[in-house]
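In the two assemblies presented below, chain A is common to both, partnered first by chain B and then by chain C.
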Partner chain A sequence: MTIVEICHSIQQTGWATGFRQADLFFPLVEGTHILSLSLSVGLVLMLDVRLLGWGFQSETVSKVMRQVMRWALPGFAIVIVTGVLLFLAQAESVYTNSYFRVKMAMLVLLGVNAAIFQFKYYPEPFMWEKSGTVPAGAKAIAALSLVFWMVVIACGRLMAYEL
Partner chain B sequence: MSLEHLWQMSYDSKTIDILRNSKHAIPIIQSFHLFGITLLLSAMVILNFRMLGIGFGEIRLDVLAKPVWKWATAGMLLAMATGFFVFLPDPARYAANKSFLTKMSLLAVAILFQYTLYRRVLRSESSARAPHRRVIVPLLSLFLWFSVGWAGRAIAFLG
Partner chain C sequence: MKIKLFALSIALLVAIPVLAHHSFAMFELTKDVTYEGTVVEYRWENPHTHIILKVDPGAADPSTVGTWDIEGGATSIMGRQGWTRSTFKAGDHAKLVAHPMKDGVTKGASLFYAILPDGKRLYHDIARPKGEGGATSSQ
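Then we have the complex of A and B:
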């Protein structure tokens, strides 16, 4: 069975059909998905701002990270749950949408980006935090995070026009 | 020249015509509209959660507020500028849309509140710590801005 066929059968299930036909499903779930960007992506921006030297310079990177993650983690949970629901409701048409694929590829890149930050730069931030200068690699990661998230949001908007 | 004339002129103009007939122009402008909204709303989440005492407590409010206020304003201006270009190709549709009118009214109230009373409370936060200011003002700010967002979402769904 191919992935498209799996998506097709998901889309045909009774509850997926139920989602699509419920008047409030798309307004509420899509609205929550989009507005929770401010609780996830928007908060990660704080860390990017700190790493790029645009603000919060009196605070350490680890402190900003800790403060951001406390709310960004539940924020991302909301975005993911609503995103999965939106996917399930129209799995086949979403899966075959090219903007959706670019969006997913970007999310994978963002994951890799975050993992590199976590493992290469974050374990010993104190080493460069004390000196006050952010390593160029960590700055590049912050800049890439900004650009990738913008592409993710744009793809999300563009794909909705073709469903 | 009346406002109606102005809408008609912009409606007939070449630039707006290109926007109206292009498949991708409006979705791309809307993407930037969403960047602006995300910037603005996240700034409101950060500032108001900090004032309510439910987040970002390790960072001093004035240290937090300085860059966050700037990115709130930048996000709002971006959302307004892009919103204008979503509106202009089809003003009649929006003018007849109740959700759009609700959104614009809420936006006016939100801006007025944010840049007058709210800003004053934010600046005096270190000295004046009256409970009603720490609770009512941030809650009202969150409520107003997220209502603008929900009303925006309703434009497409409810009409």
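Then we have the complex of A and C:
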């Protein structure tokens, strides 16, 4: 079975059809998905701004990161759960959408980006923090994060413009 | 390492035009075309209700011949205009006025209103034809 066929059968299940036909539940899930972007991406962008030296300079990077992650992690949990529900409801339509594919590819890159930051710059808490200078590599990661998240959000919106 | 990331992102940006070879789902909103035929599928669902309509050869407007995906709105929006999950079903005859795709090739259209057998109109949303009051923009 091809992926498209699997997506097609998911979309045809009673659960997925019921979810699509729900007058209130569907908009609630979709609305929550979008609103929780502020609680996830919005917060991560603050960390990126700190790393790039554009703001929040009075706080150390580790302090900003701790505070951001405290709320961004539950925020991302909400984004992911609602996103999965939305995907399952329209699996085939969404899987064949070009903007959805770019969005997913970007999310993979963002995952790699975050992993590199986590394993290269975060452990041995911020030995570079004392020097007050953010390493060039961490800045590059922050810049990419900023750009990639903008693309993800734009693609999420643009999905509606492809039949 | 950052060079590798940069190269990856450039490669992806180059791939976008290739992936996005579909046309935008923009409809010719100033054009009202009447599609009359048999309902293949009536999909009452979010985010958009879809009526798949088969127009047979010999139709009044030859440009409408074929199977069309006529897209309506969300169930709550359509519901407020009088649509229900059983307004149509597969096999019904339907007469729909819609705005076709701008690309002139893809058989998709944006629903404006349905004309029921008794002559009554079921609108997609609050838009009404010019000169009949209400919003003039169809989207």
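Going forward, the second predicted complex is superposed on the first by the 159 of 163 C-alpha atoms of A that agree within 3 Å, B and C clash if a C-alpha of one lies under 4 Å from a C-alpha of the other, contacts with A are read in each partner's own complex, and residues count from 1 in each chain.
Convention: contacts are C-beta pairs under 8 Å (C-beta built on N, C-alpha and C of every residue); 3 or more make two chains touch, one makes a residue touch a chain.
Everything numeric in this text was worked out from a predicted model, so none of it was measured.
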Which of chain B and chain C A:G53 touches, first, second, both or neither: neither
Contacts of A:M106 with chain B and chain C, given as first, second, both or neither: second
Which of chain B and chain C A:A140 touches, first, second, both or neither: second
First, second, both or neither for A:F26, with chain B first and chain C second: both
Partner chain(s) touched by A:T17 [first = chain B, second = chain C, both, neither]: second
Which of chain B and chain C A:Y161 touches, first, second, both or neither: both
Chain B versus chain C as contact partner of A:S98, first or second or both or neither: second
Partner chain in contact with A:P74 - chain B first, chain C second, else both or neither: neither
Set of chain A residues, in rising order, touched by both chain B and chain C: 26-27, 30, 161
Chain A residues touching chain B - in the complex, by the definition given at the top: 26-27, 30-31, 34-35, 37-39, 41-43, 45-46, 49, 54-56, 58-59, 63-64, 66-67, 70-71, 150, 153-154, 156-158, 161
Complex contact set, residues of chain B against chain A: 24, 27-28, 30-31, 34-35, 37-46, 49, 55-59, 63-64, 66-68, 71, 146, 149-150, 153-154, 157-158
Residue numbers on chain A that touch chain C, as the complex places them: 17, 20-24, 26-27, 30, 89-90, 98-99, 101-102, 105-106, 109, 112-113, 116, 120, 136-137, 140-141, 144, 147-148, 160-163
Chain A-facing residues of chain C, complex: 1-2, 5-6, 8-9, 12, 16, 19-22, 24-26, 44-47, 69, 71, 74-76, 79, 85, 101, 106, 108
